[in-house]
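Order as written gives the chain letters A, B, C, D and E; numbering starts at 1 within each chain.
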Amino acid sequence: MPRFIKKTSKKMGLPPGALVHIGEKRLEETRISIIDYDQAQFQEKELEKIIESLPFKDKPTVTWINIEGVHELQVIEEVGKHFNIHPLVLEDILNTGHRPKVEDFGDYIFIILKMLHCDEKDDEIEAEQLSIVLGTNFVISFRESGRDVFDPIRERIRDAKGRLRKTGADYLAYCIVDAVVDSYFVILEELGEDIDSLEEESVTEPTQETLRRIHALKREMVFLRKSVWPLREVISTLERGDSSLIHESTGIYFRDVYDHTIQVMDTVESFRDMLSGMHDTYLSNVSNRMNAVMKVLTIIATIFIPLTFVAGIYGMNFKFMPELEWRWGYSLVLAVMAVIAVSMVIYFRKRKWL
Amino acid sequence: MPRFIKKTSKKMGLPPGALVHIGEKRLEETRISIIDYDQAQFQEKELEKIIESLPFKDKPTVTWINIEGVHELQVIEEVGKHFNIHPLVLEDILNTGHRPKVEDFGDYIFIILKMLHCDEKDDEIEAEQLSIVLGTNFVISFRESGRDVFDPIRERIRDAKGRLRKTGADYLAYCIVDAVVDSYFVILEELGEDIDSLEEESVTEPTQETLRRIHALKREMVFLRKSVWPLREVISTLERGDSSLIHESTGIYFRDVYDHTIQVMDTVESFRDMLSGMHDTYLSNVSNRMNAVMKVLTIIATIFIPLTFVAGIYGMNFKFMPELEWRWGYSLVLAVMAVIAVSMVIYFRKRKWL
Amino acid sequence: MPRFIKKTSKKMGLPPGALVHIGEKRLEETRISIIDYDQAQFQEKELEKIIESLPFKDKPTVTWINIEGVHELQVIEEVGKHFNIHPLVLEDILNTGHRPKVEDFGDYIFIILKMLHCDEKDDEIEAEQLSIVLGTNFVISFRESGRDVFDPIRERIRDAKGRLRKTGADYLAYCIVDAVVDSYFVILEELGEDIDSLEEESVTEPTQETLRRIHALKREMVFLRKSVWPLREVISTLERGDSSLIHESTGIYFRDVYDHTIQVMDTVESFRDMLSGMHDTYLSNVSNRMNAVMKVLTIIATIFIPLTFVAGIYGMNFKFMPELEWRWGYSLVLAVMAVIAVSMVIYFRKRKWL
Amino acid sequence: MPRFIKKTSKKMGLPPGALVHIGEKRLEETRISIIDYDQAQFQEKELEKIIESLPFKDKPTVTWINIEGVHELQVIEEVGKHFNIHPLVLEDILNTGHRPKVEDFGDYIFIILKMLHCDEKDDEIEAEQLSIVLGTNFVISFRESGRDVFDPIRERIRDAKGRLRKTGADYLAYCIVDAVVDSYFVILEELGEDIDSLEEESVTEPTQETLRRIHALKREMVFLRKSVWPLREVISTLERGDSSLIHESTGIYFRDVYDHTIQVMDTVESFRDMLSGMHDTYLSNVSNRMNAVMKVLTIIATIFIPLTFVAGIYGMNFKFMPELEWRWGYSLVLAVMAVIAVSMVIYFRKRKWL
Amino acid sequence: MPRFIKKTSKKMGLPPGALVHIGEKRLEETRISIIDYDQAQFQEKELEKIIESLPFKDKPTVTWINIEGVHELQVIEEVGKHFNIHPLVLEDILNTGHRPKVEDFGDYIFIILKMLHCDEKDDEIEAEQLSIVLGTNFVISFRESGRDVFDPIRERIRDAKGRLRKTGADYLAYCIVDAVVDSYFVILEELGEDIDSLEEESVTEPTQETLRRIHALKREMVFLRKSVWPLREVISTLERGDSSLIHESTGIYFRDVYDHTIQVMDTVESFRDMLSGMHDTYLSNVSNRMNAVMKVLTIIATIFIPLTFVAGIYGMNFKFMPELEWRWGYSLVLAVMAVIAVSMVIYFRKRKWL
């Protein structure tokens, strides 16, 4: 449940734009790092305070400020002050329960995404909010934790290969969004393998644990869908390129990410369909087994009940029961019983009950 | 049921615009309070009659008239007369079963919202209708009860901190709408906790009470959805800012509320999905338990029926039953019975029925 | 079934515009009444023939011709001739199985609505078709029966209070549409009460009759929906005021009816949701009861089967059965049986089967 | 299945526009008939070859060529040559598995419809493809079989009554489309009666045959829907009157057919809803009956099992069983048994199990 | 599962446009063949390297380069270099898990389709990605395997019959797309036959294998749908003819393919409906059989239980049991038992339980 709604009640009654951190604190300290580059050179630095980034801001080079940990209000406030960002944006950065969205403020574009990763321990997908502020020559990214998902991008900046160093801040923003969407495929692959193994299990030996895992995966899909669905709209907005901050040559790259997003959504839907199918398979398998058990048992009982009745008759103590006196009475009764049993079995076989 | 439809039959045959109160009376007396403010000063007052508010109306300051209790027709009529409001609007204010909507009458905008709160006693969500008339320099809010949800707004007016005192009536209207939408999150958190505890219950020890509560929560979701769904349209209309009564700088705030509304709707949908999942879990858990019971019992019966049959055979009173005379006949039969029982148990084990 | 499709096969092969009455005849004779009014005066009359209405038609006053019973072809034909109405419109008036629609013919607007009322006898909702032809200064309404639903409107014309006498034919048409939509609320209230009582029943003592009534109500909802759904489009078209026959000041009133229609549809959807929920509740209640019965019975059987087996053993007639000779054999066996029974009950209790 | 997909594999690898007949051959020989008319006169003729129709084509009169049987390729090819029709259109005429569509080629409009009729033998709905080519002054209709559905239209041409003789080829096309849509109502009436009788059956005495027929009707609905759904778009396109071939005065008639199509679709949806409802009713009825049987049987068994146990006790052969010696022992035991049986019945009654 | 998602994790962290082959390698070596034609002549050749195709590229004739096997990166890279194709396109060609799409790059149009064929061995539908680059006078097609689906097109080029040799590259592209869509009908026919035979099976003798195959076919439908659904959009884009690369006269042919795509989708939906229906039929058939078995068995048991009880009574060893002494006691008891059995059978018959 905590994954579907975050405690926001502490905000009740506060004025809009009031800065309150919503969500859990995932890092002890906020870490601020900066990379500044153009085609010719690049510079990388860890910052103590946001104010140290101001000299970079006014240079024509592309500046990428990466902030890990959004629970320290004064850091966010400083960013707001120095980069002239609307209080509502700051509020959204702090509220980590937001759904993906994009907003164009003219001077800058504000993007919220969800970064997903599979928790090793309890096999649950966890979401981390990534907020991006894209200005003319800077990108500020806000993350909740410090997992190393952006290292390949940094590597590409250092290497100076490819388009990255030759292009503007919009291409950097694209690279970040692309990395996020790419990471969804990793999640999908892991889930796909889970589903695959579950499917076999649900056919060969369905246990209650199988059902529990099917339900759990279904919930993961609901969660995944909730994260991915609005993403489509976000990237579609970026691709359309209404903003002057995103150049046309970058638009084509956003179109590529858009295709990937659609692919992710498609796969999520296919997985949902497959899980529903597995659920049905599981239920009919379990009920088939149950029925088979009950049928055989009932048939055993049914065969013996008439026989017991026959035995009961000759257990009666009537004075005058001529059969009891017969020499072959006992053998005859045993024979009759055998005939009854055999003919019942044959009858059941013929009607395909056995 | 009373929550889904209100008795409107007393209106049958009346001309449109006829003022009839529909809904239950929640307050003994109608309370009218007024706050009048601009950046420099503010004034707060309880009114006896609407007419006392007229001096404020013509001043350039922002005037907020809050009316609690809408069952007294002459109060509503007076508001209509003094503020020149269309009879159909007055009719809508009195009909508390209305769905959220917004209508632009040029001189003023008319908004209907639903305020929700969780009833402590029977754990049901209750809705109260909030009608807002937003004019150039006044806001009139009509409520059914007098619960203290707007106190934080009043506090902010008194404090003169933040944007509220510096801006116009449209920002005040925004603050009211925002407070209403924020209160939905509180409801959702409470429901989320209920769902959470129910989920565990439905896995560990499902009782019929569990099912009843799942159904009850499902109904709450239907109700919640009915209240929130049209809200999206309402706020989207306000945000678009077609009306000259809402300034562009306030539009961005309405966009923020819009995001929150979408988030509420998302959560409601997720909760619905989860409740459906829980319903399925419950049903398969209950049927699994039932099946397990029946299976074990049937197996016990099935093992003893052949044994009883054997006992029945040697209970027959035939004269010539050689086994009866044997020295070890009894012991032999007991042994045979044990062998039958044990081999049946082994067979059932092997076929995984036990 | 007759409610979902009317016999139209008698029309097969006829040219379009051919006048054939489809539906049942609900009145012996067609009744024609006329009301003619403006702000200053009004006149009311029963007519023998349509031709008597022509003098009113050319006056600037508003003329309302109400025709009850549409099975007499020559009446409809005369209306067509004198008021210059398209043959297809006349055909639609006679075909009482039409779905609600609106068509603008320039000179006049043609509206089809469904009037609903609850049949007392078999508790079924019955629909009557109401066709309205709205011209510049006249309204012609065609109804199938003569139930007194328009009396309040006539009363308002006679009283000369309110807007009705001061406005044109479009406002009269609005009043008729409004009366129809208002009557839906009465139906919904009745259904709501039925649903309410059924809900309790389906929890406390569900019988097969409960199920039958849930299914019946579900069908009523399908029927209701079919009548109301297209209505939305009809009224939305009227509200938009593309036609010069509907003045802008009346448009706002149609917007009000539109709101009511949405509310009706909302309620119908909520009722559908509730009925589905009740169906589920019913089914799980019934199956719970059944399971409880079966479980207890099976447990009783299961306890006695081993006991009977023990009794069977000592009923065997072996010569050498030492226990039979023991002084306390009988008592011992009874004691053993008691121990078996008690321990089984304890075991079942512990596993929560009892 | 053959109704849902037709063998098109023989077309694999052929160039587009290649003429191959797809579907079954329903007539031995292709029959070509022609009717040529204007307001003053009309002429009717059976043709041997398409070329005989050319003299009519160039006259200003309306020419209707009706071709029954589309399996003779050279007939279709000739039509294509003489009337200058696109090869893809000819291909579509031959491919009888097409879905309804309309295409405007400027000089002519090409329409594909489905004619439905109920097969007497196996109660299945069968579809026949009707292709219409509408030119300025000619209509060519292609049908698969020669059933007499267009006779009423021919009759109207001969009679010279109504609009038909006074108007152009577009009105004739309308008449054909109208006849097709009208014939759907006949199908719906037949299905409606089937559904009606089934409904009663599914309540009073549900057998497996009932279920089979419900499933069969459901499939008919899927088939019907597939034929009718695209029709809406077809007629909507014709009604909008973008083509110069359809006069505005005919547009209003197409609007009328459009209404009928909507009505057909509405009824199909209602039938689907009803069939789903009946399926549910059937299932719960069957399971109710089954449960009632099982319950009574189980109760009988449960009452006798303890009694048999008591009898078993006194059937034991212990030496020292004092009760056996008692004078009234037997009577007492019988009395005890009666008390047990009666109290169990009372208990079951009280718990409403019986 | 591998069919729903392909391993893309090896791309994680790579810059966009990085060429990595995703999917399985289906051919040992990449094969490149070229056909160059205009109305007058044609030339056909196998190529070693892409560079050999350059002479053809600059001629006004239509050049079709068909590349089978996309796992050799340098081939794809060369194509990119010589034909000036965007790196993202090359990336998409190599990523064989893409969904169908079309992109207009001005100079060329890039199309991705899915070719489907039924795998003989495991009866599964397999998809192969077909990428098409359509330039002004060339078409480059990239395929994963070398199955001979395009042979009929090549044959038509060699034959110089039909439109193909007279038209441009856009018509060639159309022919390829048409061949792909046509091949879907073959798949659908095979599936249709499977469904047909399954349907009979599910009515006459449903086994668990039947259910397994229904589920398998359902999954095939999900897969088919995923491949076909986006195709509609692709072809709709091509048909609209916004690009100058597709002439208007070819647009009409794409409209024809569009119709076929709709037909494929329609059939897939119908098949889904039918499979759902079969699933229901199967389940109710199985449960009916099960119920019939259980009912008969329970009735047998129920008849013998009271009889066994009677036998038990006279098996008791009371001293004073007068009936035991009677001359006809035994016969009488047997008669009473017969009466009980017969009357129970009659009762069960009357209540239609037997």
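The criterion applied here is as follows: a contact is a pair of C-beta atoms (placed from the backbone, for glycine too) under 8 Å apart; a residue touches a chain by one contact, two chains touch by 3 or more.
Here the structure is a predicted model, which is why all the values come from computation and not from measurement.
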Magnitude of the superposing rotation for subunit C and subunit D (Cα, nearest 5°): 70
Separation of mean Cα positions, subunit B and subunit A [Å, integer]: 26
Inter-centroid spacing, subunit E versus subunit B (mean Cα positions, whole Å): 42
Junction residues of subunit E, two or more chains touched: 294, 298, 301, 305, 308, 312, 315-317, 321
Chain contact graph, described as a line, ring, star, complete graph or other shape: ring
Complex interface listing, subunit D residues touching subunit E: 1, 4-5, 7-9, 11-17, 86, 88, 91-92, 97-99, 101, 103, 208, 211-212, 215, 218-219, 222-223, 226, 279, 283, 286, 290, 293-294, 297-298, 300-301, 304-305, 307-308, 311-312, 314-317, 321, 323-330, 333-334
Of subunit C, residues touching subunit B in the complex: 151-152, 155-156, 161-164, 174-175, 178-179, 182-183, 185-186, 188-189, 192-193, 195-196, 199, 203, 252-253, 255-256, 259, 262-263, 266-267, 270-271, 273-274, 277, 280-281, 284, 288, 291, 294-295, 298-299, 301-302, 305-306, 308-309, 312-313, 315-321, 351, 353
